[in-house]
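Structure first, commentary second.
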Amino acid sequence: MKKVSIVGGSGYAGGEFLRLITGHPALEVDQVISRTYAGQPLKRVHPHLRNFDLPTFVEPAALHETDVLILALPHGKAQADIEKYAGMAEKIIDLSADFRLDDATHYEKWYGEAHSTPEWLEKFVYGLPEVNREKLRGADYVSGVGCNATATNLALRPFVIADLIDDNYPITVEVKVGSSEGGASNSPGSHHPVRSGAVRTYAAVGHRHTAEVHQITGLENIHLSLTSIEMVRGASALAHVFVKEGTTEKDLWKAYRKVYKKEPFVRIIKERHGNYRRPEVKLLSGTNYADVSFDLDPATNRVVAIAAIDNLMKGASGTAMQCLNLMYGWDEEVGLSFSGLHPI
Amino acid sequence: MKKVSIVGGSGYAGGEFLRLITGHPALEVDQVISRTYAGQPLKRVHPHLRNFDLPTFVEPAALHETDVLILALPHGKAQADIEKYAGMAEKIIDLSADFRLDDATHYEKWYGEAHSTPEWLEKFVYGLPEVNREKLRGADYVSGVGCNATATNLALRPFVIADLIDDNYPITVEVKVGSSEGGASNSPGSHHPVRSGAVRTYAAVGHRHTAEVHQITGLENIHLSLTSIEMVRGASALAHVFVKEGTTEKDLWKAYRKVYKKEPFVRIIKERHGNYRRPEVKLLSGTNYADVSFDLDPATNRVVAIAAIDNLMKGASGTAMQCLNLMYGWDEEVGLSFSGLHPI
Amino acid sequence: MKKVSIVGGSGYAGGEFLRLITGHPALEVDQVISRTYAGQPLKRVHPHLRNFDLPTFVEPAALHETDVLILALPHGKAQADIEKYAGMAEKIIDLSADFRLDDATHYEKWYGEAHSTPEWLEKFVYGLPEVNREKLRGADYVSGVGCNATATNLALRPFVIADLIDDNYPITVEVKVGSSEGGASNSPGSHHPVRSGAVRTYAAVGHRHTAEVHQITGLENIHLSLTSIEMVRGASALAHVFVKEGTTEKDLWKAYRKVYKKEPFVRIIKERHGNYRRPEVKLLSGTNYADVSFDLDPATNRVVAIAAIDNLMKGASGTAMQCLNLMYGWDEEVGLSFSGLHPI
Amino acid sequence: MKKVSIVGGSGYAGGEFLRLITGHPALEVDQVISRTYAGQPLKRVHPHLRNFDLPTFVEPAALHETDVLILALPHGKAQADIEKYAGMAEKIIDLSADFRLDDATHYEKWYGEAHSTPEWLEKFVYGLPEVNREKLRGADYVSGVGCNATATNLALRPFVIADLIDDNYPITVEVKVGSSEGGASNSPGSHHPVRSGAVRTYAAVGHRHTAEVHQITGLENIHLSLTSIEMVRGASALAHVFVKEGTTEKDLWKAYRKVYKKEPFVRIIKERHGNYRRPEVKLLSGTNYADVSFDLDPATNRVVAIAAIDNLMKGASGTAMQCLNLMYGWDEEVGLSFSGLHPI
């Protein structure tokens, strides 16, 4: 049994990672750190953990050595203390954006300040198994992924690999997201009478996850918009991409199948019948699946690619658990078997 | 034209009253007071007023004499300054609970502290036209109503008047309410991921509006529970009341018709067909209607009485406008003609 | 491995039972019967089962012998063919209301027609482990439970056992339910623009589950109302019950603890802090938990008891799986470990 | 007073038009035609009209001459009978797609069959006052607009007029829509447990309203996707458009202001503070406003233009009423003063 401590464990990603540990045969919860909630029971903020015998939150200063550290801190905090954390655990997964980008100049461009420990960037592997599986096997330092970036990357990367994209044209993406993306702290904009039923484009241009999409897909001419809609969990990306003249539906199928046919957590959803013919994000709540699809308009060479994920799972803690399995050489599906609910 | 100033005008009830003024032929907005938003445009917090040429919020100290003062302050504030306000306007409507109860001992019992200006209680008329229409005509000081109390009172009062209730048995009521009842300020419990989809009984026993129900219906053996559900606007009360042996459906019809047949804003909804056979609270958003119904179980003498209102309208600002019309001797329906939307 | 066939397997309860089988170490899916969908893949109507290698739907006529039959048919169908089904499996669980009541006269009273095979009523055990655990061990014929009855029964039964209820007064209950209670077939009333945001009391009086509450609690003076609200899954019952003079909060705690402290799937939720102080039905989606609470108003001896369940799980398929575990002498928690999600 | 009859008056657009008539000083309801509901009261399907004294639905055969005919029929029906209708009223507004396109070949391309009365296409004016105001004054035959097309057209047209668009690049649009777009008839896909919380891209490519966008904006290289989300009313379009090198934020402001500054029902929403900084579709429920905004990414010349409307109002009946006012030479704002609700 490996012991896992979570630093910043009162947030939503921390809560999901804790849930996953409770169902994992080789992991156990060690410490859960929260300055705000130190001394209080976990169930105070994580009511889905009521049934488990878990420790109370502890102060940051009480952190002791353990096997695995999950860092679920606000952006900027992990990089500041990374040396300290590295001395306390054999494996670290940082869920923030601190170690996602390979290049410190990109970090500075998108996050508006210089990275404080740029020498650590190359030590971290970007934690998306569909891209970096081999690097993740046995890795010690892994960065979590951005949820909106992940939906976008999974929708588009097969077309890059198959070299189908006509790069004369920009790729545009709108990601529709749930309120849990904003985190566990309330704000005027998260007040239920305000947020309920909203269709609020909060990042029309300039979203930071663009950097992750550049890095993972290699696509430069790609443009994101982010819109909050009425849901709690979920990120559903719809990308408009123009493919090379002559590209057929069959080519697109081949591109997706080549990349995803052996992926345990990516499903191609293209049905001719029933209520769920394309990815439906609500069906993914609590699961680690990314559901993807494409539609081709042969008259214009436009492809509409969709990827839906649970932002807290495949977009954060689920993928992190998949990575941890790889880091320890275990079956990467362990602890991630929840199939989702219907109806929901 | 009468000029109206609103003290505490940044809340939801204030916003609704402002909307009603914009549609009222004999009223105009004078000042809108808000300590927090002084100097800012009304549309900052009241986006539905974007189309109107309205003043910016002003500091409390800037309040000047006017014709009508609407007090929309936190409970306890209006009573403290009522002498000052009375010197500044010919008509006052206080939307808080400060002047709803006739009896200062009841106030103290339910609100947990002595009333600071009990001599003013008798000067205020409880502002429910269906009960106090004649007292409201020409009145100068009127108290707003509690939304949950109003739904309950409108459901039950006809049975009291018709003397149909078997008072050996308690009357029990559950009011299902929307998130706007909690006001315009965000809190941990109003955070969208938490509040969304909730069925949260926040006042199982001891709700303060019970005092208003006692006062208006005369019923003592009545018991409220309040449950927040997934909606923004609305309060829908379902009351279980036991009627005297031998009471028939026809008796109940007569009781409701007697009290409500001439009421412009109370509708008896009992349909045999269609999707909306009983009151449906969502249909009342933005309207001043209270929709009521009853069902009799002849085997047990139980009557289930339902009343649905928009908590911000019939439960607050709509009824206040209806009162203001009466206070000035105008047609009480003026400015309250919105019929609601369907579908919604 | 025991083989399970589901007759009427295209509905929501059938879909949930199938999900539970996929996570159960000692069960496997044999046949799934649906006249409407015969020949089509299960995922067509059960998209949460996409990841499993499951058979297609088959015609009723194709049903062959198996180990366990789950009957998920419209009310009235199972009783007509029970002799046939009994010849085809060693264990049967019928999810309909056909075999819930012990007494054929009660069946006729509440369901409006004579039971066609009343001699089978005594062969079936009412499938609520919290009440009939010992009878369920090794049983061959088990009836599923009514979801609304179950929420009500679990809220109230401890007070009956502890003899705390003042039976001079009626007990009144309002159950708030999600749209999945109406089943998988669309209707004018389930049309999204109509059903969305509804607070629709569809059974003010006379709800059939009252019979199950009578039978399980022994309470005769109990009265249900059913209200559809904006949610897909869930049933949340709030009961007003008057207890004997002098009953204390401590007495109520003792009553609940006595009955529930060893129950694996019933949790008493009474918190002083946090966002989830009483049962919150949304947290139970997909789980087999029933969360219960009580509040006492000492001034009036009113107790407000709340029980929340997922209507498709603890209110149908989850409890059925718990029963099946008992019927085979297995640990009753097997296959029911999902802890629920937060936020949701 | 002009008399208005509605053919196909049981649908949602018909219901909204009826609501608007009840608030219009120069219009009165004549006949409301519905084959399905003939003989039944309007409130059976239009519960928001309960307070008005309106006729029952009548059979199609009973249609008599009147002043204004509103045709709210399924696509294809109005063109078949247009000669008959033209003989029965001085003014006709057809809300279907039958007379929206100028060119019969475009109609055939997008609707898949030849137009049966192509000679009538040129007699109809496309009913978008922001584009065709002068043609609409005094017109006798007006076509309603497509809701998704209208949101798209209003977002983009100012940039076309100002010649800011770089036409080397495709324009891509995703319109998020509410369930009322699907009409008043229930279907498997509109079943609440299925439709609730959905993010369902039902037209990834090839949406028919593209033809209207081509026609109104002149843009050929424009590509729509339609996604149903959790809301009842509303269409919110987000368009990605690339502008010419050197285009500034100020240029975009000028483009929008030039076209919209005198428009009574189009509002540019770009706020630096508050919860509603860009168009928020829920605030428009029941109103005739289109709220528009733009954001420029100067690094890439991408503009994100957003337009939000109530699909049943500005996207259907509201614009139709605005047209009718113009057709009769009245103030075009008459009957359209509802400002919307907040919170909602």
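As written, the chains take the letters A, B, C and D, and residue 1 is the first residue of each chain.
By definition in this document, a contact is a pair of C-beta atoms (placed from the backbone, for glycine too) under 8 Å apart; a residue touches a chain by one contact, two chains touch by 3 or more.
Fair warning: this is a prediction, and the values are worked out from it, not measured in the lab.
Undergrad: Which chain pair is joined by more contacting C-beta pairs, B-D or A-D?
TA: When the contacts at A-D and B-D are counted, A-D has more.
Undergrad: Shared interface numbers for chain C and chain D above half of all numbers used, same, or below, different?
TA: same
Undergrad: From the C-alpha centres, identify the chain that is farthest from chain B.
TA: A
Undergrad: In angstrom, rounded to a whole number, how far apart do the mean CA points of chain B and chain D lie?
TA: Averaging C-alpha atoms per chain gives centres 36 Å apart.
Undergrad: Could you work out how far the Cα centre of chain C sits from that of chain D, in whole Å?
TA: Centre-to-centre distance between chain C and chain D: 46 Å.
Undergrad: Can you list the chain D residues in contact with two or more other chains?
TA: Counting only residues that touch two or more other chains, chain D contributes 12, 179-180, 184, 188, 191, 193-194, 197, 232, 275, 280, 343-344.
Undergrad: Touching residues of chain B toward chain D in the complex: what are they?
TA: Where chain B meets chain D, its residues are 12, 15, 19, 22-23, 40, 44-52, 179-180, 184, 232-233, 267, 269, 271, 273-276, 280, 283, 285-286, 289, 337-344.
Undergrad: For chain C, which residues are in contact with chain B within the complex?
TA: 168-170, 172, 174, 176, 188-189, 191, 193-194, 197-201, 204-206, 223, 225, 227, 229-231, 234, 236, 238, 240, 242, 275, 278, 280-282, 295-297, 300, 302, 304, 306, 308, 343-344
Undergrad: Of all residues in chain A, which touch chain B in the complex?
TA: Those in contact with chain B are residues 12, 178-180, 182, 184-188, 190-197, 232.
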